[in-house]
Amino acid sequence: MRLQHATWQEVEAYLQHATGIILPIGSTEQHGPNGLVGTDAICPEAIAWELGEREGVLVGPTLSLGMAQHHLAFPGSISLRPSTLIALVRDTVVSLGRHGFTHVFFLNGHGGNIATLSAAYAEVYAEQSMGYASPLASLNLTTHNWFAGPRVRELAQALYGNAEGSHATASEVSLSWYACPQAVKQVAMSPTVAPVGSAQCHAEAFRRRFPDGRMGSNPALASVEHGRRFLEAGVDDAWEAYQAFIGQA
Amino acid sequence: MRLQHATWQEVEAYLQHATGIILPIGSTEQHGPNGLVGTDAICPEAIAWELGEREGVLVGPTLSLGMAQHHLAFPGSISLRPSTLIALVRDTVVSLGRHGFTHVFFLNGHGGNIATLSAAYAEVYAEQSMGYASPLASLNLTTHNWFAGPRVRELAQALYGNAEGSHATASEVSLSWYACPQAVKQVAMSPTVAPVGSAQCHAEAFRRRFPDGRMGSNPALASVEHGRRFLEAGVDDAWEAYQAFIGQA
Amino acid sequence: MRLQHATWQEVEAYLQHATGIILPIGSTEQHGPNGLVGTDAICPEAIAWELGEREGVLVGPTLSLGMAQHHLAFPGSISLRPSTLIALVRDTVVSLGRHGFTHVFFLNGHGGNIATLSAAYAEVYAEQSMGYASPLASLNLTTHNWFAGPRVRELAQALYGNAEGSHATASEVSLSWYACPQAVKQVAMSPTVAPVGSAQCHAEAFRRRFPDGRMGSNPALASVEHGRRFLEAGVDDAWEAYQAFIGQA
Amino acid sequence: MRLQHATWQEVEAYLQHATGIILPIGSTEQHGPNGLVGTDAICPEAIAWELGEREGVLVGPTLSLGMAQHHLAFPGSISLRPSTLIALVRDTVVSLGRHGFTHVFFLNGHGGNIATLSAAYAEVYAEQSMGYASPLASLNLTTHNWFAGPRVRELAQALYGNAEGSHATASEVSLSWYACPQAVKQVAMSPTVAPVGSAQCHAEAFRRRFPDGRMGSNPALASVEHGRRFLEAGVDDAWEAYQAFIGQA
Amino acid sequence: MRLQHATWQEVEAYLQHATGIILPIGSTEQHGPNGLVGTDAICPEAIAWELGEREGVLVGPTLSLGMAQHHLAFPGSISLRPSTLIALVRDTVVSLGRHGFTHVFFLNGHGGNIATLSAAYAEVYAEQSMGYASPLASLNLTTHNWFAGPRVRELAQALYGNAEGSHATASEVSLSWYACPQAVKQVAMSPTVAPVGSAQCHAEAFRRRFPDGRMGSNPALASVEHGRRFLEAGVDDAWEAYQAFIGQA
Amino acid sequence: MRLQHATWQEVEAYLQHATGIILPIGSTEQHGPNGLVGTDAICPEAIAWELGEREGVLVGPTLSLGMAQHHLAFPGSISLRPSTLIALVRDTVVSLGRHGFTHVFFLNGHGGNIATLSAAYAEVYAEQSMGYASPLASLNLTTHNWFAGPRVRELAQALYGNAEGSHATASEVSLSWYACPQAVKQVAMSPTVAPVGSAQCHAEAFRRRFPDGRMGSNPALASVEHGRRFLEAGVDDAWEAYQAFIGQA
């Protein structure tokens, strides 16, 4: 069930039997010569919608903006500062906690979000840990990175080996194409496999290190059919992780 | 053109001939017995996507969360605090200004966002007005409320008269249903037309004033066909407003 | 009764029978060639003091600084950022709520404050709406713009018609002169009626659009005697609005 | 010259020959049984206005709210948090620095403001000290506490000796009465001289320590005639301090 | 060389030939029945001081407070909120960047700091990435977790195997005892090896999961002699990481 | 007892009979030609450790960073902005209050911290004073400046007279040398006694006023033996102040 398509009475009914929710979160940033700016939001959204339909889990609105400061030297990238993303997550989960949700599962599509999401959860927990009366006493927060799930990793290794890379990867490009087949682009890559390195730097340094935006990847290997398989793997990984999370008190 | 479906090279090419962008912004909040929680994001998104396709304007990711504190007593509503929304808007437009965008047109679907968006623009402008060197010197920001455009208002008056109301209106429910026909709901309304009043209060007071979430409206009058007409009216209103905005230096 | 001239015991006694308070709020900003930098604070202060005396309503200290970033290219203008004004309003109303005040009526003299004041109220309400125990549970906040009251608007229309304009207007100059007759200035205006346009921009753009600071007005039409009549109209408008506000729970 | 009564062209002319400005700053807080809630703003305002007129120094709007958290258990007291006051001071002096003011002289009436004002100046200076290009390079900021000037202290000692105390003092009550003779109150004090102690505590503790709000004082000794003498002493002290400050680069 | 023991002229001389600095960062939090509250600061400090002496690298003051909200249900634990730690790191590295330092190497002793440190670096980088002129253009920031270095991990595995655990580990207890031999405590552990689980929760949940504060460890295996070997391994790991970091532009 | 060397069970036991704690706080900043960058932290730390041992008072971790923006033109100085230091102090004392500590005694070594510490305490108190339920209801906060204690002042006057000065003083250099005898430096001073003046300015102005960093002092008079005497005087002053503080409710 998608929250965006529900009425408040339907949410009220859902809360009678379940108190977990999935929030897809991504980023709006360059993904190399043939990857979409929206890749990091499109991928977890596709997985979340499919999972929500199959298993009857509520899926909230996709958060399309993330922490992408290192990509800002490429046109079209938009970044929140970590402090802004922390505030955004805080208000979102406080709102959900207010209604009785106890488990918020961030289905994440962007490696650059991981640290700030973790900091955001600590910011929320700290309020209660510091001794304040809080409406958040039973709130549990976690991140599931779809691209790091065991089935997804196995599939990427099988299909691409070392050419998978770590940004603008063939796996995420495949999945985004499967979700948005009208946006498939055929672009030659040069070099075939992009250079590797660290992304912990400012935007100018990032662009110097990774001139066309890719990190260690060859997304020319991507295909819509691969995307279909990544969706299946991603849904299975996420469902497994979600069930384990919901069991946690 | 949708930013989410573009590569960074395509954005770079767009910036050679145009420096305006449309950002749909909504809210995630109750919309009465037959309205969708996502109504305020779905409506401007539908208009922006259609306009972007017709006129070749770049459309950024939809910002689905807004300032909705007064709706928080209804399950499913999520609100950002005004201070959080200001930070979110600031980072977004700074990122865009960094790439050379000069006109950011927020296509807004939620009345509760209007004041905070205006405050956010002032927060951004103030930086430069206070004498700091800034990458934002040529940035122009505006809000277009699709529901307040002249053609939309005329149509709503013609179709619903006083039963249009001001929240969970028949016009927005119609448009959201046209965009998401699978989510049409038939629900009886009691009373037929909801009470009127002020929404400037906290969530508990709001729910006391508006028990089922509607304000002055009878959304049982909504239909998918009406939604089609609202889309046309909304696109025309938005295009007119966008062109006037782009002409401003 | 003016809070500034009361002892705390007198405030305590007032709270036995009334829990509303009026706070004049303005701005410190250029008002064209013959208008005072303090106009936006002087006008609501004059109305509030007169109303307070006639009707026995408590009037708090005048907040002379507002959101005036667009005026900063004119010497003497001082602006708070919206985020600062939100914090200022928040602390003020929390302090008042702590004492048992339930209705805070901001008598506003500056159009540029309206959006930020609305955002500030939402910031205060959100705390409680998000589920936190709060000392503010029964706090009501509103803005009354003296210049937009029905009697004031009618008088301005009758006296100045289209030459009233929207900033450095003849009506506000008149009222400020009546309140501060020693500060009356006779200055020739060129052009007679200033250009019109939008004030949603940064300070340099504002000054380019409105070279002497006026927006659409001819304040050479102002007079002390007009000011006396605006005070009467303003007091009646404010009293009507205040009574309606106090009746709201 | 009062900024509130000037036009922007008059401020522009002033800046041709002088770049200093006086800002009265006070607090809105209880001042014992016969002292006014506005005492701390009224006193420096009276001195600033007199000094401004005598010496032709520009005087900005009075900042009537200060850091008064310890007084909040007494009705009518309003406090800014230190973080809010820092933001307020920052925006104010940045606005002034933008116009070319180089020396901002806070004429302060409230002991509780001293530390936060000092912190606020450091917050402003730090921006530049940390290596950022800043429009504030030549800005100088200082606090002059009128109640601590040598002539004022000598007069208070001569008139009241140990019964002067440190809050709701006979000297400040006298000066506020001279400025607002209509607000003189005759109230019996019990005990005659209030207890002494520390004000660094929260509001409940403060009220326990100082049941009627006075600290070590006997303001029943105050008179309008004393107030006239404190005004003279205060103007002379402030003028001396202002001249020394203006000489500093 | 320790910054705390240097004069500013000695720092100036150091900057002539080197622009890197090591900052030990830890936490103040419970470390089980025989571990010290200061463990996480003591360990990286010991390594940093030894490394600084051997290799002539400048070592800054130890930051003893970190992000430890999950430990707050155990007496003595002190936590910064992530937002506070971000501000602290930001000001620290801006100060260092101002002097010409180009590489700041956080030698970290606390797993709970990792995410927030990463967010803090992004917050600093974002300023420049968003297009602002910045004194930080050549600043590089990294975290080295002493407990995750290859030599340290190998030694812990050899000495303790699975009884090493993840909090209040035998390795960190050993190193802290070697650094502070006067603080060695002999305490019986029950159970011998503590339970395992996730630390991403609030303080009450953490204490329920880990009743004596240990996570998966048996620190009764710790010894001063082991600590000496961990110091050696830790210095070698850190030096290797530092050299790689300094080589990065 | 040092918190860093205690287990949580030892802290729990301490809290059974005492609820006060000493926190040494300093700064990392230039101290002239022969003074250490760490002087302001080393001195209160030495006094706190000695006092903690003699009297059994718990001593927390040393906070080595303070408000030192005016020293930033000298290499090695690190400053927190006042807003950051306020957040740091707030989180620290909230954490301690959560455990049941009622009296936090900041043993301060840096004049530049005094105002911001006072503002920080007010920020903490304000939360409760504004009417919020708080875990901090019985928290008391104070600053003791070791360099301003009566015995220390008397000794400095006896040893150095007017050559003591106000920054990089012979007394603090002596005490830091006694604590760190390996860091004694013999440097010629020119002029013998440094110029005097105000430190309330930005870093460039400070360095212009005080070219080698000293303010009014001749630290060539310092000696390790003097340091021993300052430690004794400082411990006695601090103990007296601590006992008075603990007696305050």
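As written, the chain order gives the labels A, B, C, D, E and F, with residue 1 at the start of each chain.
The definition used in the following text is that contacts are C-beta pairs under 8 Å (C-beta built on N, C-alpha and C of every residue); 3 or more make two chains touch, one makes a residue touch a chain.
Just so you know, these numbers come straight off a predicted model, no measurement behind them.
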item: Chain labels contacting subunit A and also subunit F; value: C, E
item: Angle of rotation relating subunit B to subunit D [CA atoms, steps of 5 degrees]; value: 120
item: Contact-richer chain pair (by C-beta pairs counted) among A-E and E-F; value: E-F
item: Subunit A-subunit D separation of Cα centroids, rounded to whole Å; value: 53
item: Length of the line joining the C-alpha centres of subunit C and subunit F, rounded to whole Å; value: 46
item: Centroid distance [mean C-alpha coordinates] between subunit B and subunit A, Å; value: 24
item: Numbers and ranges of subunit F residues touching at least 2 other chains; value: 72, 79, 81, 83, 91, 95, 98, 129-131, 133
item: Pairs of chains in contact (touch as defined earlier), listed by label; value: A-B, A-C, A-E, A-F, B-C, B-D, B-E, C-D, C-F, D-E, D-F, E-F
item: List of subunit B residues in touch with subunit E within their complex; value: 91, 94-95, 97-98, 133-135
item: Subunit F - residues contacting subunit C, complex; value: 129-133
item: Of subunit C, residues touching subunit D in the complex; value: 2-9, 11-12, 15, 28, 30-38, 41-42, 60-65, 72, 74-81, 83-84, 87-88, 90-92, 95-96, 98-100, 180, 182-183, 185, 187, 213
item: Contacting residues of subunit D [partner subunit F, same complex]; value: 67, 69-70, 72-73, 79, 81-83, 86, 112, 114-116, 118-123, 125-126, 128-131, 137, 140-142, 198, 200-205, 248-249
